[in-house]
Amino acid sequence: MRAIETSENMPENSEGRGQLSMSKRLFPVLTVVSLFLFVTAPIIIVRAPYESTMGLVQKIFYFHFPSWMAMFLAIFILGVASGIYLFRRTPAADRLAVAAAELAVIFGLMGLITGPLWGVKAWGVWWQWDARLTMAVILELILVAYLLLRQYGGAGSERLAAGLGIFAMANVPFLYVSTEMWRTVHPRTSVVPTLPVEFGIPLWWSFAGFIVLCLALLSVRSRLEEQRATLERLYLALEEE
Amino acid sequence: MRSSHVPHPDTADFEQVTVSDVSRVYGRRRALAHVSLTCSAGQIIGLLGPNGAGKSTLLGLLSTLIEPSTGEVRYGDRTAREAGAALRAQVGFLSHDLQLYPELSARENLEFFAGMYSLDRPAERVGEALTSAGLADRADDVVEGFSRGMRQRLALERALLHSPRLVLFDEPFTGLDEAACVALVMRLRALRTARRIIVLATHDLDVVDGLLDHAIILRRGRIRELGDGRSLRERYRAAIVDRGGGRRPAGPDGGGVTVARPVKAAEEHTA
Amino acid sequence: MSGFLKVAWLVLRKDLRVESRNREMLFTTLFFAVSCVLVFSFGFVRGGQAVEGAASGILWITIAFSGTLALGRAFERERNHDALRGLLLAPVDRPAIYLGKLLGILLLLAVVEAVVVVLVAFLFRAPLFQYVWRLLTLLTLGTIGFASVGTLFSAMLVRTTNRAVLLPVLLYPVTIPVLIMGVSGTAALLQPEPDLAMARLWIGLLFSFDAVFLTLAFWTFEPVMTE
């Protein structure tokens, strides 16, 4: 019986091990880089010039914008990984998708918290039906729905969640355009690339920090999911004894 | 007899189904573990075992609707994924819920599936099927008003309408009276003569005793050897009662159930 | 291709026949839609006068709500006697089954919308018939967008035990763009000075939403339905 057991687990294990060692090597590198970026970011942000109209509050922008970008990156990864899982049945793609969805929720929340903080100064109210904020809220809803489906969908819900993951990614451009046309009081996005250099450097610095952090968390989270799968396998093997 | 029917040209016919080392896992629950078996044309194979032993999962796997977590099922020399729709044309499945639309008449039910299977001479074949179900005079009544036995007969004809090579039955004898059981057994024998591959999951050991070419006993998703004894029931009981005297450790899912209980469950069903 | 359309037609005809026998979905969905409009009126009528611009919102939310109800029922029917297994086992292109189910839902919703539009126009004195063709286009495209996503989700949730709760939980967030586009497009037609250019813009957006999500639904139906 034991012989059969090991022969069954071999292919999955060897595939898993390859994955494991890759993310194992990747994680410390990414963590160190993002730590460096995050530790140095405040210094660079403080040195950046004081924006005249918004004052100190403007500096929220250095966190606000990058957290959105990290969320979009996570949604993109969620969509692509979902597609791969749905059509190739690669278990690793599914683990990446869960990790990406959870991270997208977290970075989205950061954006949703920093947004109104900025808004209360800029617009005088906490909540404004501004296009970007509205879009972020809807995306957040879709992502939470994804997690709810995984949580309460029962056995086999990974497959269904993968379908939803693709739909979530495909929805981004439509949400962007429709909320944009529906309502706009947000500072134009086009200001970002044309920002004066003194503002630009800290912005892109924190941008890099968030993206690397996102990738680091992604690798550690999908590794956790993978170890959970291994544990499941071991548990089943034990039960069979 | 419809057995003379020439298979549709674009169907993937096969003479043998080979299940090799198949497991199916749902999260932490293992529905099937390392199941291997071969079913050949002209055989009736019985899947026996207590409730929740994995019989329905195995039928689902054979029907191509469930994919194995590991291992593979081959139909002839192809897998379900390679052959796709052409292979499904060779599978007939009579599940416990009968896959009929109660709002439609017997004829409409059969006509719908005849259309879905793109059968040639559909009207003729639907007529034949209604006759062999003994429902020719009630063909245009809605299924809602049928008795369980009548529905069962109709569902059987529906599953066989396209003369599939592989015929799967999930508890076909439940709800049938003595006469209907005998008729079904005769039907199964005729299918065997017509070189079909027949797999049936059942609790009715006495009915299928002497009918099966192979009996496969599943317990907790694993195949067990048939025990010794004269009747199928005795051999089943010998197999299902743990010869090791219940040394199985208690798992967190209540894995330490006493060994007698599954047999009792099987008996309740037969009664 | 003809085989594909034939299968879709078979599934649609089967659904229409079942519905013509008991009319359950039609009557329950219609009743629900009408009560929905009435419930909204108590929320949006102040001093005998409807809040300005409420009509387009009420119209679309009613469509979304009653659509969800119909979608849930449509697949409950397939699940009831394990009939879905029979459909999936048939040697057909599975997306054709999806198309057949989608067309059935669309027909049902078309009937419901005909009633709801008249009711909203009557109760809220909304000039809905001023630009009949534009409104019809908006409704058609919006309903296709909503139902194409909804039919896929409803089909894939058949296997789960919590489907009654999960369907709206998944469907509403994903179809919010349709709601925004439909409501804004209709509002552009209903405002005192109708903005036809704006309405055309929203129609175009709805069209592209439909194109993308229909394609995606056809593409993902097969892998999502295998266990």
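Lettered A, B and C in written order, each chain numbered from 1.
One rule holds for everything that comes next: a contact is a pair of C-beta atoms (placed from the backbone, for glycine too) under 8 Å apart; a residue touches a chain by one contact, two chains touch by 3 or more.
Not measured: the values here are computed from a predicted model.
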Arrangement of touching chains [line / ring / star / complete / other]: complete
Comparison of A-B and B-C by number of C-beta pairs in contact, larger one: B-C
Core chain by centroid distance, with centroids computed from Cα atoms only: C
Whole-Å separation of chain centres (CA-atom averages), subunit A against subunit C: 32
Chain centre separation in whole Å, for subunit B relative to subunit A (CA means): 46
Whole-Å gap separating subunit B and subunit C, where each centre is the average of the chain's CA atoms: 38
Interface hub residues of subunit A, defined as touching at least two other chains: 156
Overlap residues in subunit C, where contacts from two or more other chains coincide: 226-227
Footprint of subunit B on subunit C - complex, ascending: 3, 6-7, 10, 14, 17-18, 21-22, 77, 80-83, 85-93, 226-227
Subunit A-touching residues of subunit C, taken from the complex the two chains share: 149, 152-153, 156-157, 159-162, 165-166, 169-170, 172-174, 176-177, 180-181, 184, 201-202, 205, 208-209, 212-213, 216, 220, 223-224, 226-227
Of all residues in subunit A, those that touch subunit C in their complex: 86-87, 138, 141-142, 145, 148-149, 152-154, 156-157, 159-160, 162-164, 166-168, 170-171, 174-175, 177-179, 181-182
Touch list for subunit B against partner subunit A, complex: 21, 23, 25-30, 33-34, 70-71, 249, 251, 255
Sites on subunit B touched by subunit C in the complex: 11, 60, 63-67, 85-89, 91, 93, 95-104, 108, 112-113, 115-118, 142, 158
